[in-house]
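In this document, chain identifiers A, B, C, D, E, F, G, H, I, J, K and L correspond to the written order of the chains, with residue numbering beginning at 1 in each.
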Amino acid sequence: MSEHVYKMLELVGSSTKGSDDAIRNAIARAGKTLHNLDWFEVLETRGHLAEGKIAHWQVRLRVGFRLD
Amino acid sequence: MSEHVYKMLELVGSSTKGSDDAIRNAIARAGKTLHNLDWFEVLETRGHLAEGKIAHWQVRLRVGFRLD
Amino acid sequence: MSEHVYKMLELVGSSTKGSDDAIRNAIARAGKTLHNLDWFEVLETRGHLAEGKIAHWQVRLRVGFRLD
Amino acid sequence: MSEHVYKMLELVGSSTKGSDDAIRNAIARAGKTLHNLDWFEVLETRGHLAEGKIAHWQVRLRVGFRLD
Amino acid sequence: MSEHVYKMLELVGSSTKGSDDAIRNAIARAGKTLHNLDWFEVLETRGHLAEGKIAHWQVRLRVGFRLD
Amino acid sequence: MSEHVYKMLELVGSSTKGSDDAIRNAIARAGKTLHNLDWFEVLETRGHLAEGKIAHWQVRLRVGFRLD
Amino acid sequence: MSEHVYKMLELVGSSTKGSDDAIRNAIARAGKTLHNLDWFEVLETRGHLAEGKIAHWQVRLRVGFRLD
Amino acid sequence: MSEHVYKMLELVGSSTKGSDDAIRNAIARAGKTLHNLDWFEVLETRGHLAEGKIAHWQVRLRVGFRLD
Amino acid sequence: MSEHVYKMLELVGSSTKGSDDAIRNAIARAGKTLHNLDWFEVLETRGHLAEGKIAHWQVRLRVGFRLD
Amino acid sequence: MSEHVYKMLELVGSSTKGSDDAIRNAIARAGKTLHNLDWFEVLETRGHLAEGKIAHWQVRLRVGFRLD
Amino acid sequence: MSEHVYKMLELVGSSTKGSDDAIRNAIARAGKTLHNLDWFEVLETRGHLAEGKIAHWQVRLRVGFRLD
Amino acid sequence: MSEHVYKMLELVGSSTKGSDDAIRNAIARAGKTLHNLDWFEVLETRGHLAEGKIAHWQVRLRVGFRLD
């Protein structure tokens, strides 16, 4: 019946805590302006180092949502 | 003369009929809100299975259109 | 609630008719011995040529099914 | 016994009808000048859009044939 | 001396908690029916979104085990 | 402190002059409607040929900008 | 006529002698429990080092066999 | 109407001046024996170093041309 | 003004606790002998299994630092 | 001074003996009709299996030669 | 006769001028401490944007040099 | 207990004899200055051709060793 079309966004979420948290932050931000968020895929995990420590985790994501 | 800039969207089209039809559905949806659609590239072909059959074909596309 | 685990198989389906049909043939074969088939992904599309024509379409798939 | 050597060509076939037809067109063209065509592999599927529709399907192929 | 042969499985583990936990769930399931599990490799990290949150983390793994 | 989220666009810039200039053209176009542009990555370099010469250089870019 | 379906296994063969021998060992092991073995593809070549020498060559293979 | 078939060549152009110039040199050479050159894609950029400087830029290209 | 040059190292960090911790361990080790650490990128996540559990998480990283 | 242009061929060599020998067979065949052969790169190693043994090793190569 | 061994470094060169210049800067820096530099390969081209313009081009390279 | 950190080198070994021998030569060279060599992975196999024959086999490797 339903032959939906989905659109993908590419986002980078960042976090001082860890990689999963960076993903959650990106999803939370996407959810502010989009409904029908359906899935995500991790594309790249990086981070910024300062004073020999991980200052920010940065995860690039593809986020899919259903178009109405 | 013309040094156009193009923007790419990433879409997933779905269809109960087949892979080409899933692509056509995604292009039709993109054409509702965008003019100047110029090309597409297939990035991934998948499908959802139910009761041992292909319930939906799902094709992820990159669609390019010219910015005015 | 449910934290399912899925297993993937890799299959090559073949067909004299076309690429979608080769996929359907592989799914049909998988469904003979497995239930809970959930999704597939196309990994490679090839074919065998004979007398300058396509004798067989061959599509390599990843098929996922839920473990009980 | 036979330790054949094969050569690969890269072709793009196009079609107004669909992706499989674009492949068949490329194979038909290759068969005009080469015998011993043995296999093909799909490398990329794209298309040209015009007036919000698929004007041409374009499939890039590797075609292998046996050297005498 | 020993020239072992290893077999690889591909599994997707899921979890409501996080990416590492999805991996642990897949390994735990594999360990129910296989002994001699030797290593794993992460192939893909995705997730299912519901109501703007991560409902399930899904990690695709290759798991290697030694054949007797 | 700051746990920013970034969004990526994919653009193709074109130029009659060269590959770096095609990149600059795409960035200039993106800057017309977006502020907080932060980085770019080259994804693909191609070109259109006419009369045996390079008529247009075409560079596909990922451009990242900070969401407010 | 025949529209066969093939299944792929992923194996790692190891050898103290060399990379080709590691492949032969994996194929020999697969042949103990499977008939209709049809082709293999090398996916990765690695090795374990001990005392500055190659202790084991390890080759990861995809092996295809025809399902009855 | 037209369902053209295109053939791809792979060339490496070299230049003492820079990467774009290496591409132009390869296209110029291809144009000596082929007409209907239609597009190119950059596959790899390398160079030869001598006395701590870049002696030659080397760019590997795919060049597509229309078959008559 | 500043046209810095950066050097990349490739490291594998390991941990009994989880994937993020394996990354932190590698960064901590790199910081013992290098200053000006600037960023990291995750290249591969694997692990060693023992008795059906994850004995060590192993993450391969690229670490970039600024040359003086 | 010299700004050479190189052309690449793609060949598959086969051998009953091993992977290096399949490469040598492809190079020997290329040398029959081309001079100025300059380098090769291995793109894929596969083989055909018969009666549970390796009947033919098949190596796909890119071979570069200098255009006059 | 000579069976040399080469070592690769990975560097990122940056430049305010363009992509080729970023490569030259990285090579120049490598040449300060290493002799026998032999070749380079471009792995990634990125850049930092500020005020809607390219502030720095950044090119990641693999540089090979002969070990004595 | 042990949460080791490993460092990777990238080397190209060469040989007039064959691909495995080129790997052994690179490992032998690495072992002159490094202890705790632990594993290698083949990244690329190429060769230099002269007078229509393989003059040198060249294999690019990643070599991992344990940091103290």
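Operating definition for what follows: contacts are C-beta pairs under 8 Å (C-beta built on N, C-alpha and C of every residue); 3 or more make two chains touch, one makes a residue touch a chain.
None of these values were measured; they are calculated from a predicted model.
The fewest steps needed to get from chain D to chain K, moving only between touching chains, is 2. Shared contact partners of chain B and chain G, listed by label: C.
For J-L, the equivalent interface among the listed pairs K-L, G-L or I-K is G-L, as over half of the contact pairs agree by residue number. Using the mean of the Cα atoms as each chain's centre, the chain most removed from chain F is G. Compared with chain H, the chain whose C-alpha mean position is the greatest distance off is E. Distance from the chain F centre to the chain K centre is 22 Å, each centre being the mean of its Cα atoms. One finds 38 Å separating the Cα centroids of chain B and chain K. Among the residues of chain D, those touching two or more other chains are numbered 10, 19-20. Of all possible chain pairs, the ones that touch are A-B, A-E, A-F, A-I, B-C, B-D, B-F, C-D, C-E, C-G, D-H, D-J, E-G, E-I, F-H, F-K, G-J, G-L, H-J, H-K, I-K, I-L, J-L, K-L.
By the touch criterion stated above, chain D contacts chain B in their complex at residues 18-20, 44-49, 52-54, 57. On the chain K side of its complex with chain I, the touching residues are 9-16, 22, 25-26, 29, 56, 60. Of all residues in chain G, those touching chain J in their complex are 19-20, 23-24, 27-28, 30-31, 35, 37-42, 63. Chain L meets chain I in the complex at residues 1-8, 10, 62, 64, 67.
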